[in-house]
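Every chain is named by a letter (A, B, C and D) in the order it is written, and numbering of its residues begins at 1.
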Amino acid sequence: MYQDLKERVLNANLKLPEYGLVTLTWGNVSEIDRKQGVVAIKPSGVEYDAMTVNDIVLVDLDGYIIDGKLNPSSDTATHLELYKSFPQLGGIVHTHSHNATVWAQAESDIPALGTTHADYFYGDIPCTRLLSPTEISTEYEKNTGLVIIEEFQRRDIDPIAVPSVIVAGHGPFSWGKSGLDAVHNAVVLEEVASMAIATRSINNGVHIKKELSDKHYLRKHGVNAYYGQR
Amino acid sequence: MYQDLKERVLNANLKLPEYGLVTLTWGNVSEIDRKQGVVAIKPSGVEYDAMTVNDIVLVDLDGYIIDGKLNPSSDTATHLELYKSFPQLGGIVHTHSHNATVWAQAESDIPALGTTHADYFYGDIPCTRLLSPTEISTEYEKNTGLVIIEEFQRRDIDPIAVPSVIVAGHGPFSWGKSGLDAVHNAVVLEEVASMAIATRSINNGVHIKKELSDKHYLRKHGVNAYYGQR
Amino acid sequence: MYQDLKERVLNANLKLPEYGLVTLTWGNVSEIDRKQGVVAIKPSGVEYDAMTVNDIVLVDLDGYIIDGKLNPSSDTATHLELYKSFPQLGGIVHTHSHNATVWAQAESDIPALGTTHADYFYGDIPCTRLLSPTEISTEYEKNTGLVIIEEFQRRDIDPIAVPSVIVAGHGPFSWGKSGLDAVHNAVVLEEVASMAIATRSINNGVHIKKELSDKHYLRKHGVNAYYGQR
Amino acid sequence: MYQDLKERVLNANLKLPEYGLVTLTWGNVSEIDRKQGVVAIKPSGVEYDAMTVNDIVLVDLDGYIIDGKLNPSSDTATHLELYKSFPQLGGIVHTHSHNATVWAQAESDIPALGTTHADYFYGDIPCTRLLSPTEISTEYEKNTGLVIIEEFQRRDIDPIAVPSVIVAGHGPFSWGKSGLDAVHNAVVLEEVASMAIATRSINNGVHIKKELSDKHYLRKHGVNAYYGQR
């Protein structure tokens, strides 16, 4: 039961070191079974080398453990808030991937500077506001989710069109149709974050033009998309 | 029939991840059989790990599919314009390789700053102008080719002497005698792009002198070249 | 006798090239047996590929060799001073890891800029003052230890809460409960050092807020810690 | 005959891709048999994967080929000038390694900024002047050697104490007791070049103090050296 879900989540987690997105045990991927309201997520602080499918923890949307002997990721409450507010999400990943975290530490949006960005993200990748001392001291991980949701609502961003966010002072979250799809978006996020740092070091004022951004996003994700195999 | 061409194109495409020039499925290599007017090119959005020789698509110079079950790369029309206007080209590669893309995003030529550059590129590597909204909305990929050709003609650059270009806001194209030769030029482009970013961070005004650039280019590619084995 | 200690020290040393923290033979790890007052440490200038458990040198806290045919690391005296003044330390590592050394060369603290840093280090990572000409000319390695201790005492920093230091003009030392734990802290030091360089290149004035730093450090290391498995 | 010399030179050349110092076929190592006046050197433009001991070319100090079917490296004349003027040299390596080449392109010395540098190089690593148009057009590779020698003589630098140079607009040469020792110095050069770029981006005015530089150089290379095994 939920064996497939747990295996998919294990495999998506193992992609994090493979893609160079994590150091030591950092980072976690979850995936949701929407019908059953069950979320499978990485256990907290476990080494990737030693992780097996039985280490994956199942929780419900209130965070109660349904199955698993280990503590779920300490970021579980953030994942759950995102699943509850963004019903389109099938999988979520949190990392401290190098360049995305640099932008989070700089407390700055990742600007859309080229078609690599536009192929996956429809506009700048938002950086949240800093959490207040009260939001930090009580239910910090839940409030991290709420501040992400607030940012998307305030700016009227569709989380499917911009499948990543950076939390100020902290790091990135990405999402997608599944855990693996979320990881793919985290790979792209890291690459565009890296290219944006270098681009701004050469030409600080540059930004992609809206027509070019629209073209690349829509040829891949629009109703008349013609990129890839269909 | 065309089995050799397809195998060469497959192998040249597989060099892209090997040389670290691509993330996920990005990038594509083509090669042309000039006698038959047939171009072999990577299919769109297919994983490198799973690609086989039968996935390679054959098209004619008008873009009609001659052979293959998959859609050709969405950038095929760009390749075809370049083959039609630059009859010396045998192979073309498009990537979003990190540092060359940074210069494209910065909307700046890659300046010739040393002999590493001069060994392969006779002068700065040009950055095209941005496409107009009309050029983007209609036949975008074909117009990408046309704007490259316009840039080489406007500056009177021989595409054999400067076998790469960066498209503003987008990324690089490289070419050569074959698909594999184009990939080699893409490797060098990426390296000189990377060194140019760091060089300008130390000494912003520097540029290679014409005599030194000439010497290195011509000892390798001139009529009296003496580099390598002959 | 001390065979386990020597094997642990060998294995911790071999982690240095595995984690990309050393070039050639640079870097050294030690671990102490507090009951016996015995320190096991890497020999000086030996290649990692060729190192065996019998090459590990045992010294007492005065630096006298108890066991081993090779010279101990030239940095042994620094390790010994730290063990004597900081009784909580079980293992120490010195490297010239790239980004931490960059901050040492810049003669600057590594500022705490995000939660990645705060998860492991409670505040900025201090940079020592430069040693005086006299401190350099006489008992240089011992004085390197003393200047580290002086810095922690002057700023009233608990070496367990900030398990790394950078020595001005030289490079980093990290420590922990064991040699392997020290190496883990050196891995994190290198990553936060790298992210701090890039962060400051985008937003020079930024710094993590105290509430967020406290939260992350304490959820992992405080009395009510809930990160990981317990 | 000279089989040992050729094998040592082959192995030293194969270390270049292993240490990440070369792209494609760039770079070359030579070693000299001082008694016989014979230099073994890499052939020009040959792939490292395919290189065998029989491809290594033997030349005398006037550049005449003694043994070998392939053309020697196009940089052979530079190596020969260095061997003739610096009788202490046993091996020489030329690369276009990334960060050392960046400093060459910036036409700037690599400043000594820390003990990593001081452990191997006694002071700044000099950048030559640019060659004149006449020096470029006639016997360019020989003149590259002469301009290096001029720089060491002008500044009164002992080539054993500073076993590397960067040629303005071009790239680095390193040397040592053997080809392999030269490669080791090229590895260190690349690392200190890289750290110097990042250090100067944080603290532009910094430089290592002479006392600290002396201490590290002399504890490793001085008459009373105590680093390593003796």
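Just so it is clear, a residue touches a chain if its C-beta (ideal position, glycine included) is under 8 Å from a C-beta of that chain, and two chains touch if they have at least 3 such contacts.
Here's who's who by UniProt: A, B, C, D = L-ribulose-5-phosphate 4-epimerase.
Small disclaimer: the values here were computed from a predicted structure and weren't measured.
When the partners of chain A are compared with those of chain D, the chains appearing in both lists are B, C.
Superposing the C-alpha atoms of chain A onto chain C requires a rotation of 90 degrees, rounded to the nearest 5.
Because chain C and chain D carry the same sequence, their contact can be compared by residue number, and under half of the numbers here are used by both.
Of all chains, the one whose Cα centroid sits at the greatest distance from that of chain C is B.
With centres taken as mean Cα positions, chain D sits 33 Å from chain B.
Counting partner chains per residue, chain D has residues 201 touching two or more of them. Chain contacts in this assembly form a single closed ring in which each chain touches exactly two others. Under the contact rule defined at the top, the touching pairs of chains are A-B, A-C, B-D, C-D. Of all residues in chain B, only 23-24, 26, 43-46, 70-71, 74, 96, 98-99, 101-108, 130-131, 133, 136-137, 140, 169-171, 197, 200-201 touch chain A in the complex they form. Taken in their complex, chain A has these residues touching chain B: 113-116, 184, 187-188, 191, 194-196, 198-199, 201-203, 206, 208-209, 211-212, 215, 219, 226-230.
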